[in-house]
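Report on one structure; see the data block that follows.
A, B, C and D are the chain letters, set down in written order, and residue numbers restart from 1 in every chain.
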Amino acid sequence: MNFDLSSNFNILKSETLKSGQTRFFVSKDDIVNVLTFLKNVPECDFNVLKSVSCAQIHDNFEISYYLYSSKNLDEVIILVSVPVNCPEILSVVDVFKSANWDEREIYDLFGVKFINHPNLKRILLPEEWQGHPLRKDYINEDKRLRWNYE
Amino acid sequence: MVKFFRHIISLIIGYFTIGSNLIKKPVTVFYPEKKKEHKNLRGKISFAEGECKCIACGICKSVCPSKGTIKITTKEDEGSKKVLDELSIDLSQCIQCGNCAENCPTKTLIMTNDYEYSSTDKIDLIIRLRR
Amino acid sequence: MNKTLKNTFQLNIGPQHPSTHGVLRCIEELDGERIKSLDFVVGYLHRGMEKMAENMTCLQYLPVVDRVDYLSGFFCSQAYLSAIETSLNFELPKKAQYIRVLTMELNRISSHLLWLASFLMDLGATSPYFYCFRERESILDIFENITGARMMYNYYTFGGVKSDISAEILDKIAEFLDEFPSHVKEYENIITNNPIFLDRTKEIGVISLKQAQNFGLTGVNLRASGSKADLRKDKPYLIYSELDFDVPFSIYGDAYTRYQMRIREMLESRKIALQCIEWLRKNISDDKVNLNINSKTVKIDEGLTIGSVEAPRGEIMCWLWGNGTNTPERVKWRTPSFYALQVLPEIMKGKMYSDLMSAFGSLDVIMPEVDR
Amino acid sequence: MNYFNISYFPDYVYIPLYYLIGFIVVAVLMLFVVLFLVLLERKLLGFFTVRVGPNRVGFHGALQTVADAIKLLFKEDIIPLKADKLLFTLSPILVFAPIMTVWAYIPFNGFFAVQNSVVGSLIFLSLLSFPILGILFAGISSANKYSLLGSLRACAQTLCYELPIFISLLSVVILSGSLDLNDIVSAQSINNNCFGWFIIPSLLGFITFYISSVAMMNRVPFDFPEAESEFVGGYHTEYSGMKFAMFFLAEYASMFILCAFMATIFLGGFLSPFGKYISDFLPLSDLIKTPLIFIEQFFWLILKTMVLVVAVIWTRATLPRLRIDRSLEFFWKLILPLSILNIFIVCLIKLFMGAR
């Protein structure tokens, strides 16, 4: 890791995972400048955003961005935590185009709203679906389900 | 022009490789008459022969991915010991993954090689093992 | 008047269409034969893999994992299990690693064969379809002898593999691998420099390197556009560091090079499988194939671990959040076809309508991976 | 007592009756040939791809197409709601009728052809460009975007394969000197063995005629109207039951007739390649010999057509589908100049040979 992220942004926490990637905990509002910084600075040059994933840990959503640099085969994960009651975050589609459908899926399954995303609609579930299934407090009252009418 | 002739030659080679298959023996297996023999297929679940050794431990129920396929009812024996009354497996829900057959301590559940167990009525697909 | 009269023609390649691999709806604005805009509607095959993982124990979830990408079941279970094994830092026995690599490479060949069959059927050549399935049938028979099932294997467990491979199955695999190059030569004769096939696939669906990286493509789609990124070489897992094989790549990035890449990759997998068989034949005696842990009480401790594997379609990544009990807190699947499908509207603007079929076929997208 | 020339009815009854009977005989014969052809194609495609083809119905699948035909007869004939009823029912007739009538013009042997007309080959090819009208009506009237696009593609393709067909026919007419099919066949029997056939002088004409007739039959390298991977069924997506059977039979009938026509004009229709017939050597009286020769001539025509039909099925097994604009380019830029070049070659040959 030949770059120092903490000089430009305040890193709340940084740790390395068992599977070898280092993870930086960054505050919610400067996620876009962190990703542009990592993408454009020549010596770190993370030009591939492999995946955007989200998990609900003790009533806030942890959204992690998995960045990979094809030049020096380096991986880093940027973690952002968003409270459950007001899930708002800036969208990174104009930095990395691959985040487009990822963010739509997170909006669809978790309900996190991404500001200035090109077309924030449900991607996996039908348009008129109520609720966001992957939340811990999600209960499906559909009468046709087996355990609802037993 | 050379590219034109190369295309013609590759077309002719393509024709003759397809034509050469006319001579080869067809590989179709005529299903209902001749069946492929399966030695190690994870097919339909059934119970081991002989006296029922099931101790109603419920491991198979806890290990099965599709919930609600295996139902176990127990009854009181004379020494107020919990004994199996009936073990029923709903074959229409079973995905033949083999988890239960592996983790059964007394090896009562085994996987046979039979894969044609369709039936017109859902009730026939529930197999039962009584004490 | 012409403001209301849209001179484009909205065509709806609906969920039931012969050439969408699985269930995919694509709404197109056609201006004559040219595609003006393309929009995909996905989600018809959404089975809720990630929600299922939250109320199933690790062992219960194992058979479900093969169904994330049902054409390459071994790769998904390897991704899920490498996540668990790194979090509990198990050290797999050598023989289990060799058996895993052997079965994975055979699965890569069978998945590429099915891709070749359906790609050529989209272009209209109907007869190579049956030759590919003849080979794939012999691979599935081998899998049935090893694991007991043709596509839903449930063969890997937490410490290795469930059962050993006997000697005569190794001979059967070796015999299949010996006659495999002659079959590949047969496909090459019919297709590779067939002028009509060249017409349909050269310079069609060109993806530049920058576009591929910007859209997060991985696997053959990325290597055909010029990057050498292969997980088996960059981050060698299992025993790939000990095997020698090379990774085919090229710079043109059109449908034809992707076809060539996959044919060469099949031959590479054959080389890897032969090395594994040779090692397995040497120590056929030692039968320690798994750590025989009591798989019912496998507990994943706190925190996130990521297991990633180089699948035939790209890189499958399994994010695993544990919470100390044996049911994971959250499982997230990163599947390559999800990103390959995003590229299509970008590269197909203004192209012919029948190019969509060959470009879409060459990207090897299948719907269970997109919808999970 | 001339018993025969008492005619019970006036003349205008006998002439149409003569043509009607001839037409009915040929039509029934053609139905059996098409049934056999569909089965031949499915079995051949099966053997090309290392499988067996239909073998359940009848002995080795012999009755498979009969079963299909009966099934299609009893299937419900759905007309889509928004379809234009008149055009929808008219188009299968428009496709099927010309192909049935065209049979009358092929001379089966020295003596019998249902319809001998002086401009036989011209009528043959112009009648065969009628079905395009039916395909266009089918596409427009069945209110379905796929069939509309499919039929538009079919019409675009028509323009490019009609011209080479007529030009290669022109080269044959130059060689034989007349448009009548019987004269063309007799012109090919000059030094009565297979070197007199018109395929030797105008080989290029044979190739262009073969390629454009494959396009006329909508067979694989150019089968845009019903490219199943792009347009689900092309122009006959909305058809079912008897209407679909008509389209289906029309396609196979046009395949057989075009191969028969190619055999007559290029491969010497009913002439035997060795000039002599087996029945010449049999020690029979003259009265029985001529009908035997005619039967053998008929056999030679069928054999040549079968060889060409197998060649067409073989192209279907090997070649993928061309893109529509590449195929138009292919026809305009390659096939048309080749056929015009062929005209020059044929003229030069005619000039130098001059012996005919």
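Methods note: a residue touches a chain if its C-beta (ideal position, glycine included) is under 8 Å from a C-beta of that chain, and two chains touch if they have at least 3 such contacts.
For clarity, every value in this text was computed on a predicted model and none was experimentally measured.
Colleague: Quick check on the contact network: minimum steps from subunit A to subunit C?
Modeller: 1
Colleague: Quick one: which pair of chains has the most contacts?
Modeller: A-C
Colleague: With chain centres defined as C-alpha means, what is the inter-centre distance between subunit A and subunit D in Å?
Modeller: A distance of 64 Å separates the two centres.
Colleague: With chain centres defined as C-alpha means, what is the inter-centre distance between subunit A and subunit B in Å?
Modeller: Taking the average C-alpha coordinate of subunit A and of subunit B, the gap between them is 40 Å.
Colleague: Would you mind pulling out the distance in Å between where the CA atoms of subunit B average out and where those of subunit C do?
Modeller: 24
Colleague: I'd like the Å distance between the centres of subunit C and subunit D, where a centre is the mean of that chain's Cα atoms.
Modeller: Roughly 46 Å separates the two chain centres.
Colleague: Can you list the residues of subunit B that touch 2 or more other chains?
Modeller: 11, 14, 18, 21, 27
Colleague: So which bits of subunit A are touching at least two other chains?
Modeller: Answer for subunit A, listing residues that touch two or more other chains: there are none.
Colleague: Do you know which subunit C residues sit against two or more other chains?
Modeller: Counting only residues that touch two or more other chains, subunit C contributes 127, 131, 134, 190, 194.
Colleague: Considering every pair of chains, which are in touch?
Modeller: A-C, B-C, B-D, C-D
Colleague: What residues of subunit B sit close enough to touch subunit C in their complex?
Modeller: The contact residues of subunit B facing subunit C are 6-7, 10-11, 13-14, 17-18, 21, 27, 36, 38-42, 59, 62-65, 95-99, 102-103, 111.
Colleague: Subunit B touches which residues of subunit C in the complex?
Modeller: Per the touch definition, subunit C meets subunit B at residues 56-57, 59-64, 127, 131, 134, 137, 141, 144-145, 148-149, 152, 154, 162, 186, 189-195, 295-296.
Colleague: Please output the residues of subunit D touching subunit B within their complex, sorted ascending.
Modeller: 46-52, 314, 317-319
Colleague: Quick one: which bits of subunit C touch subunit D in the complex? Just the residue numbers, please.
Modeller: So the residues of subunit C touching subunit D come out as 9, 11-12, 17-19, 33, 120-127, 129-131, 134, 190, 194, 196-197, 199-200, 352-355, 357.
Colleague: Please give the residue numbers of subunit B that touch subunit D in the complex, ascending.
Modeller: 11, 14-15, 18-19, 21-22, 24, 26-28
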